[in-house]
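As written, the chains take the letters A, B, C and D, and residue 1 is the first residue of each chain.
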Amino acid sequence: MSAAPLPTRDELAAFLLREFPQTRCTIESVGDGEALIRHAVGTPELRPGGTVSGPVMMAAVDVALYIALLGRIGIVPLAVTTDLTIHFLRKPRGDRDILAAGRLLKCGRTLAIGEVTIYSEGSDEPVAHAVGTYAIPPRSA
Amino acid sequence: MSAAPLPTRDELAAFLLREFPQTRCTIESVGDGEALIRHAVGTPELRPGGTVSGPVMMAAVDVALYIALLGRIGIVPLAVTTDLTIHFLRKPRGDRDILAAGRLLKCGRTLAIGEVTIYSEGSDEPVAHAVGTYAIPPRSA
Amino acid sequence: MSAAPLPTRDELAAFLLREFPQTRCTIESVGDGEALIRHAVGTPELRPGGTVSGPVMMAAVDVALYIALLGRIGIVPLAVTTDLTIHFLRKPRGDRDILAAGRLLKCGRTLAIGEVTIYSEGSDEPVAHAVGTYAIPPRSA
Amino acid sequence: MSAAPLPTRDELAAFLLREFPQTRCTIESVGDGEALIRHAVGTPELRPGGTVSGPVMMAAVDVALYIALLGRIGIVPLAVTTDLTIHFLRKPRGDRDILAAGRLLKCGRTLAIGEVTIYSEGSDEPVAHAVGTYAIPPRSA
């Protein structure tokens, strides 16, 4: 789609910090339409009962899809989420970071759709699953 | 379903603060399976470009459905979100609070389903729309 | 968006029959970004137990959004559904037609998002609720 | 959960035909919380333009999740779909059957959640992706 080289993990990490200075997400790996994101879990992420709040998981989903997409098409800052469906499966542990594994299902010219599975670090039973769409702004040739 | 009187707005507000001490949501009104929630918008809620972040809107959705539900069935602290689908429609304004109007579509014995429309205060064009499900824990007679 | 007059109910009905010759949906009313669709219910629509099958309701949702959209932007045969989320709320009656009330939440240049509430005729308790997106093909000026 | 042996593919196929006598779905394989379903594609499944209609794909999704679930918990005829989210990714081919690969993400006591990926036979690019929930009726001990 573009002759420019795809961004590296470090370039995407720098972009993420610039665009979302308050994020607690970091990029574990990215490439081939996939991204693995870590969201730190500490006091701000917890709900009474010691579990991770829903909006924290939704933030991780959003970043996982965004980085999977930018790793595929290059840094396009104006891509926006148009829909997100999340199913909460199990209680995440309050003493572990969460990991969000995103994977594009389709990357078209104007829409990209992907799915994300969220885990508590150290467990392979998913705590949430999401699917969402990003709208990609028109790009000049 | 219960002979106990339904909770007032003040009782629900106290409960919300107890269960979610970090929330920036307040209850404008509640009753008849509906709730209107205000989410303050300030620096922590903004993304570069001056718009409200997606997770902030998702947090408002979650609270709007939860309070609509508790206003209908009484304070049941263990109800949990099982799914949430959100469509982002327009950019919310960065200089206005957001208002989330929740309404139950069905309130069964074990599942409650509702929809939420989100506005920037002062505009009647929705910025987001969501639908979600809460699982209600079994209650003794 | 266009100087051409918007299509009438009869023009949309003729289009629907041409494009979906097997449909059992008819248009009750259309206009202002809304459409009310009737789906006949007879033996082909029923499941054992005497209730209307899920795919029948999904077909009605799809037509309700499509006609609401075409009533707003004119007949654009290439618009395609990109996502659909449906919540099943109550058992529809097997001896009544279903009515699907669709309403656009946003009609942009490339995406239209709407919601649909489904009823069994004669009841005002919804049997299903859906939200979905249509992608609109680029139109020349 | 039960001492009874899990149903075989043939038992599930017989059940499917009994409960959905009109279905055009057949079971390719089932087990371990997964099911692979084939939906025949012929004239009744096609839309003008020679593609498979959305409701046909939704019917295949529904059967794939249902059979994956029954293969895990045994034949429980009263399980009902409570929500379904589908993203349409690419045009399915009109001259190929569709295959729906369902997989449970969680199978709890009262709710089971799963995802389904749909392909046109012979291609490994998905044409649709869905996620949905089944409510499982209470079972006596």
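In this section, a residue touches a chain if its C-beta (ideal position, glycine included) is under 8 Å from a C-beta of that chain, and two chains touch if they have at least 3 such contacts.
Keep in mind that what you see is a predicted model, and the values were worked out from it rather than measured.
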Selected pair, greater C-beta contact count between A-D and C-D: C-D
Equivalent of A-C within the choices B-C, A-B or B-D, defined by over half of its residue contact pairs recurring: B-D
Chain centre separation in whole Å, for chain D relative to chain C (CA means): 24
Chain centre separation (chain A, chain D; CA means) in Å: 28
Contacts with 2+ other chains: residues of chain B: 82-83, 85, 87, 113, 133
Residues of chain B defined as touching chain D within the complex: 82-83, 85, 110-111, 113, 133, 135
Chain A residues touching chain B - in the complex, by the definition given at the top: 18-22, 44, 47-48, 53-56, 58-59, 62, 80-88
In the complex, chain A residues that touch chain D: 85, 87, 89-90, 105-106, 113, 115, 117, 126, 129, 131, 133
